[in-house]
Structure formats: structure tokens, C-alpha cells
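Two complexes are shown next, each including subunit A; its partner changes from subunit B in the first to subunit C in the second.
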Partner chain A sequence: MSESLFRISPGFEEVMPVEYRELVTNGPCGREVGVSDLGTFKELIEEHPLCAGCNMGLALRLILASLPKPEDTVIVGSTGCSSLAFTQVAVHNIHSLFGNQNAVASGLKRALRLRFPDKVKDVVVIAGDGATVDIGLDMVMQSWFRRERITTIMLDNEVYANTGGQESGMSPQGTVLNMAPLGKRFPKVALPEIAREAGCAYVATISPAQPKRLERMVRRAILTAREVGPTYVQIFCPCPTNFKFRPNEGLQKIKQRQKEGTFQVREYVSPEAQAFLAELEGADHEK
Partner chain B sequence: MVNQRVVTPEHLFFEAQREKQFITGSEAVREAIRRANVDLAVSYPITPQSESMHLVGDIYAEGYLKEYFRGESELAVMAEVAGASMGGVRVFTATGGPGTLRAFEMFPAWAGARLPIVCAFLTRGVNSPLSIQPDTIEMAFMLDTGILMFHAESAQDLYDMILKAFVIAERPDVHLPVGVFADGFFVTHTREQVAVAPADLKLPPYDPYAAPVPAMDMESAPVRQMRDPFVMKSNFISYAAHASWQQEILAAQERARKYVHRYLEGLVEVEHPEAAVLVMASGTMVSQSREAVAVARQQGLDIGLVKIKSLRPFPREEIKTLARQARTIIVPEYNRVGWLCREIKAAVEDTTKVVGGPRVFGGMTMPPEVVLDQIRRCCA
Partner chain C sequence: MYVAAKVEVEKCTGCKLCILSCPEPNVLRYLPETKQVAVNQQRCKGCGLCVTVCSKDALTVSSI
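Now for the complex of A and B:
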């Protein structure tokens, strides 16, 4: 990023909104801040418009605070609840169509590598479960087959939430939802396993109930995508609005599912990614 | 990369000494892309387009493009070139027929995102029943997507229009996608003499910082999009914002008109504009009509020919003026629905002058005699 990108032109300081001024004076760009520092710096997301108690909103805040280099990160989103929040995110982000996010990201990443061969430009896909596992699955998987150097993050709320609570491929079996009036007839799609087999160098499942772990996984995924290959992080963020629990019960729900064994925190690191991360994290440790 | 010299578009199009090559339409696509300074191309097979993108792959291997790969479907390919275009590079792809329809959702998205993508549409029939044969039905669907549309009559047109499309698409006051359409097989698979500029010349590179929309590279302002986004809100301001954005795309199409005039040397080409009966056509139907018109004129019939090169922007004024003095306008087409006839009827003052057809479709060729029969009927 050129240093002048966020700077306010002389004479315009007074008219710029206060949240923009805060981004300039106290934003995360070019600084070593992360999830533990939340509350001490101006976050990249401004007052997200999602429902009260939305775990996806929380996950988004944590992801954005975890970006290793926000000043050189471009996000590709997709249609759904999260797309409502991305207009309020202060890094370049793209919404194209429902489901084409990994194809857009593939072209974008290759273009940025051509234009900035000596610079790291992280391309991160952040999309819902419908966009990732249903309508966009072929483009998601094909981007992995091609070994595109991008990170794919699924915000798994187990439902098409924005359109009013329809069954998705990630809904648990048996759940009664719109378009599944007798309950879903097949289990959650095993996308982490598919990701591993399709060529992802790093795969993780996590939830916002463990913010530090989420941060570490998102960072590992993005760093691995720079050097090794595609990476995938699946973030479980149950939807209070469509699954009808109270806004303050989200984290309890996640823990309950963990206890039941229907949600597990997992990490797969390919041998190549393992070697890469060991070197990187060893070097960090020595610092 | 192959060492080529950057020259002005004007030099490449109008001044450079041209050499004649006996090549197919697919090879003309290759020769255009060789000189177009394209950064990235994405391919996907569909008859009759496939060969053109094989050949683009070949010149990538020779070092004329920086990046090239095969996508997984037309919808994905159009999304891949969109992502690359948003990343600030010059892109090219090609498709046709069912591929155009498979990718359809992306075309208004390209126009809406103001991406100066150039795509060759090498047309064919659409399902069902299955056909791989020539037909221009897909162009009917494309007319209102917001992209600019040129229709090539020949391999020469295809070469020229593709190169010129990049320059028109990337003008900051236009900055819209351009589709260059050519009739599959008739143009792609037949050989003709094509005059091409020297291969060591190329267009100037695309400048993403001259674009009216920021490249998504975290290098260009603005980074912050909006605090209280109007997207999907149910209020007047959100509707007005969407409506004005759509109008701006149509306005950008209008602003393209002057560049189409400059580079394509007019939206139409007219032979015998004073004639009582005019044949108006686009694509290879112009060639079939030209033969029919030549025979008819030898027989003393008062007939002229209008070749429509640009469909978006559409030559409304040109056609309205031509139609004023004509008694009858004949519109032969390579499709069932007669979309060009509809367009012409929407432009002229007296629609009763417009005679739709003859039309062939599903892969049939149009013998000039069939056009000639129509001319005879209308001149009687």
C-alpha cells in the first residue's frame, strides 16, 4: 500500500467523518496489532449492520483483526448476510455474484501478482456456507485444484440466513428449516475433508468462541497461502435469528455443540505447510 | 516476454504498414491479441470458439501475454477475468452460444462494475435441440446487458474490432466491457486475406489509475467505501443511487459513440444510400446481402446496402435518416427472432417500411438468392 492511501488531503481533515480520521490516526495498518488489542485501535469494520448477537458479525471482527497485513489485503465476498457488512469494511473488497467468489479471487490474485511481483498482496475470500458449499462449490473446489494462492474462509451459520432461513448444505441433518419442511435429509457437507483432498495446504475449523485460536488459524492460513498453496478456514457461527436463540446465547450454543461432538475445532497442515510454518513461527519466536 | 514496441493506437490502426495474411477468423483473433498488450487471458472450450483461445494460449507460450489459464466453466471464466480486471490488468476471453448463456449473469455484472473487459463472442445456436451450428440468437439476449457490442462481418473486421475494442473500452469516460461478435464457422473457420500490422508493435498498456472506478489493489483511494451503505436498504436514496448508476452506464455507452466513430470509422457503412430499397444487416449477413445487392443492381433494381457495425451503441440517428428517404428496408438475419429487425423498427419513424427477413437459423446458410428474391419482391 502506498503510505498516502489513507492520508487525508490537507484542508479536508475537518470534513472527513470521525471514524475515518480514527482509521488514519489509530487504525491497524502498518502496525502489529491483533485480537488481544481489540478496543485499543480503530477496527477495520465500522458498526456492522448484522442482527443483535450475530456470531458472524463477531467472527468478522475477529478475522479483520487477525489479518497479518491489512494494508495489502483485498477481500472477495459473496452474497449473503456478510455482504451487508462488507460495505463498512475499510480494505478493498469485492462483491460480484452469489457463488463466484473463488473465481473472482483467482483472477484478482493472479492480476496482483503480475502488477506487484515484489510485494505481498493477500487475497482472502470470506463468504457464507451457501455461497461456499452450495452455489459456489465448483468454483471453490476448482480454485483449490488449480492451487490458487488464496485463503477461503467460510462463515458457517448453517443456514441461508439473509433470505429467511432456508436449508443449506451445511445445515445439520434433521433440522427443520424453510425448504426442508420435513427436516434436512443429509448431513453437513464435509468441506474440510474435501478441502484437504482438493489440494489445500492448510485447513482449520474454529469458532469465535476461541478468539485467540481463531486469530492464529486465520494468520496461519493467510501466511501459508502466500508461499505454499490454497488454504481453508471454516468458522462456525450459529445464527440466533434463524435458529431462534437469544442474542446472548451464541457462545453457549457453540460450546454445547462442541460437547455433543457436532462441532469440533480441527487443524490440518500439509507437510509442506508444516515446514513453512515451523520456519516462520520459529523465526517469530526467536524475535 | 517477447520484445515489442508500444505505439499509439492511431499508429497501430491507421498508419503502420500492413501485411496480408491468408488466415481464419480464429487466427485473426490470435493476431489481434498478439498486438493488444493483454496481460491475462482465461480460456474454456466451446465450439466454434475453442480454436481462437488455443491460439491465444500458443502466443502466451511464445511470450506475448503474461498469464493464461483454462477456467472451469464460462460462468467461472467470466468471473476470473472480472477479478483480474478489478485487479487492474488488461484481460481477454472468448466464448459463444451456450457458453454465452452459461456465463450470462456476469455480463451485467461486468458493465455494472465498469470493467473494460474485451470478449469475443463467436456465435452459434443454443439448446434445445443441441446445435453447434451458426446462429446469432445469443446476441438478442446480450443487447441489454450494458456491454458495448460490435458485429464483425469478416476475419478482417474481427482483427480490427478486437484491437479497437480495447482502446474504446478503456477510455476513462467509457470504461465498459466490449463484446466483439462474429458468426461462428462462417468467420472463425474460413480463410481470407487479412491485413495486419507488424507483429513487433503493440498497444500502450492499460492504466488502472486512469479508471473511473478504483482498482481493487489497496493502492488506490478510496479504501473506505461507505459508513451507512445504501445497498439493499429500502429507502428512496438507495433506489436513486441504483437508478443513477444504471443511467450512468447507459450514458457511458453514449459517450463511447464518438470513439466508435473515430476508430471503427462510423457505426454503419452504406452503399447507395439514395436507393429506394435498403438492405440493413450485420455480421456475415452483410456479405450475403452484398452479393444479392450486386446482382440486383446489375438487373437495374434501385437497391442499397447498410452494414451495421456497432449494435451498442446503436446507430439510431444514422438509421432514422437513411430510412426517411427509403421506401422499404429489408432486414435479413441469422436467427429466428429477428432482433435486428426489432432494433431497426425502434429507430425508424415509419415502421411499416421495415420488412423483417428472410431469416435462417439452426445452422442454415443464407443463399444470396434468397435475399435477392426478397429484394425483387420489395422492388416490384
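Now for the complex of A and C:
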């Protein structure tokens, strides 16, 4: 598979939707475009049904623009708000049973390595915080223990948003939600620390308020997963609908949490990943 | 949608900050000819995030 993924069979150009044709003539595949070029090329995501002002929608746009090789990437998703957007994503993607995403991704990555031994195929999990830290934690941890060469990206809105507002392991202590009226009784799970201890070669926390940094982290995570080991990126994307703030306040909310110290941008790179990235980025620099 | 963002061409400097703050794909586009940003109002949900990042006050959200 390559850029030819989107090619239209001769004679069918006229009947394909205009959005698809634009993907062929002005899509990102096979070109050196990234987050800074957004707005000048046809994105790999189309009009989606996420709420107005959804930070997860923004995070998804940024992640998709950051993929090092979208035409050779398979995304594994899970149930939740993000899954509503994946029907509009022009990258191979699998919707797995809620919580199973890292097991599906592990098997898929192994199968792709057998099937295409000479090619690079990136397998990237993109799932909500509930799917990652609660219901799928077993599969997430096993994929890290076993050093599966996959990237796990959590869209952390600190709530089970799609089912109307239950607390998740990632909700901060005291969080009151539609279906957590008494407030959460235990603290936010320290999944980045757990990821590091469980064997991830690269771990980062970021938000869509810093798009270029997000791009760099997603790329580093995916490239490290190719050669070194499992990687984890946690993206903080507050949900206006469940936390009941205005749709235009999302980015301010992130900054406010940063100021309070309850959200921090962090990066951990294992020594092996450090050596790998230094070589890779050094070579890029010389180009 | 019923409300959507609008660009004031006199104020837009084409910095593209708004494009990197919009949750909607392909809605804010950069036009290299004019070096400015344009909105696809049919697809804009009017959330107003772009307004909060524009330092030139070139964006507003109103009924369409």
C-alpha cells in the first residue's frame, strides 16, 4: 500500500464525491506536509459529528496531520466519542470492542511484520481515557510488558463522555459529573509513570494547545515504536459538554490547568530511544 | 450550521493560528493568493475557539 491507496479507477472520477477527489489531488500522502501546513492541504479527516468546541476533534486533526506515513498506518480505535469521528477518517482503521484496542493492535502489528517483512507498517492505538485506563488497562499493560511495537495514544478528556458523564480513572479527585454527583473519591491515575515502569521506550503528555509540540511528540512516539519498543502519548483534551464550559473556552481551560500545575507537558525518553532519536533527528537535520 | 465564524479581511494577517485551534477539519483554509484565511461557513459549528486565539481580532462568530 502506498499513495496509490486513494487513486480512482479510470472512468470513475466524475462519480466520486468532491471530498474524495480533493484527497487524491491535494491530500497529504507521499508529501512532506505536517501540522504547520494545515489549511493548505486536504485533511485525512472529514466533517465529523463531535460537539462544537470539542478538543478531541482538534487533537484528532493534529494527530492525523502528524502521522509520519499515513498511507502505511493502521489506527486501532475503541468505543467512545472519538469512534464517531473515525468513520470520516481516510486512514485504515479498526474499531475494536471497547477496551480490546491494545490486544487487537498487538496482533495486527505482529501479523503485518510477518506479511510485509520488508515494509514499515505503523500501528497506532487512539482511544479514550476510559477505554485505556479502566476497561482496557489489562490489554494496555500486557502490550507494554510484552514490548509490542505499537504506539498508544490516549485522548484524555477525564470522563466517560460518550455515555453521558461517568468518572474515569483519569478524572481528577473531586470531579463532579452528571453521573458522579458526589465527586470522585480517588486521584487521577498516573498512567505516564506506569507506562514508563511497564516498559514504554517513549512517554509524553501534551495537549492540542501546543500543536507543533504535539506533532513532534506523536512523530517521535511512532518512529520509536518502529525500532525500539512500545510508546505512549497522553493528550489532554477537556470536554466542554460534560464539564459544562462554553465551547470557546477549551484552550483557556488547558492553560488554566497548566498554571495550577494539575496538567503538565512532559516527555520521557529511554536511553535506547534517546540514542535512536538522536541518530534519526541528526540525519534529518543534515538533509 | 446556524452560527459560523467570519473573517475580517482588513485585519487578517494570515498567521494561521486559528487553523491550529479549530476542531473541525477543512473549515479554515489558508489562501496563498491573498495570504489570508477563509472559512467554510457551511461546515463551521461556531464554537469560537478561533476567536480566542486570534490576536488581531479578525474573527467573529455570528448567525448566518
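Basically, the second predicted complex is superposed on the first by the 282 of 287 C-alpha atoms of A that agree within 3 Å, B and C clash if a C-alpha of one lies under 4 Å from a C-alpha of the other, contacts with A are read in each partner's own complex, and residues count from 1 in each chain.
The rule is short, and it goes like this: contacts are C-beta pairs under 8 Å (C-beta built on N, C-alpha and C of every residue); 3 or more make two chains touch, one makes a residue touch a chain.
Owing to the predicted nature of the structure, the values given are computational and were not obtained by experimental measurement.
Novice: Determine, under the contact definition given at the top, whether A:170 touches first (subunit B), second (subunit C), both, or neither.
Specialist: Neither partner.
Novice: On subunit A, which partner touches more residues: subunit B or subunit C?
Specialist: B
Novice: Touch check for A:206: first (subunit B), second (subunit C), both, or neither?
Specialist: neither
Novice: Return first, second, both or neither, reflecting whether A:94 touches subunit B, subunit C, both chains, or no partner chain.
Specialist: So A:94 only meets subunit B here.
Novice: Kindly classify A:46 by the partners it touches after superposition: subunit B alone (first), subunit C alone (second), both, or neither?
Specialist: both
Novice: Check the residue A:110 against both partner chains and state whether it touches subunit B (first), subunit C (second), both, or neither.
Specialist: In the superposed model, A:110 contacts subunit B only, not subunit C.
Novice: Once chain A of both complexes is superposed, is A:138 in touch with subunit B (first), subunit C (second), both, or neither?
Specialist: A:138 sits against subunit B, while subunit C stays out of touch.
Novice: Between subunit B and subunit C, which residues of subunit A are contacted by each of them?
Specialist: In the superposed arrangement, which is not itself an observed complex, subunit A uses residues 46-47 for both subunit B and subunit C.
Novice: Once bound in the complex, which stretches of subunit B touch subunit A?
Specialist: 39-40, 42, 66-67, 69, 71-73, 75-77, 79-89, 91, 105-106, 109, 113, 208, 214, 216-221, 223-227, 229, 231-232
Novice: Of all residues in subunit A, which touch subunit B in the complex?
Specialist: Against subunit B, subunit A makes touches at 1-2, 5-6, 17, 19-20, 23, 46-47, 49, 71-74, 76, 83-84, 87-94, 96-97, 100, 103-112, 114-116, 121, 138-139, 142, 146.
Novice: Any idea which subunit C residues touch subunit A in the complex?
Specialist: It is residues 16, 19-26, 28-30, 32, 37, 43, 45-49, 51-53, 61 of subunit C that touch subunit A.
Novice: Which positions of subunit A touch subunit C when the two form their complex?
Specialist: Contacts found on subunit A: 35-36, 38-40, 42-43, 45-48, 50-58, 61-62, 208, 211, 246-252.
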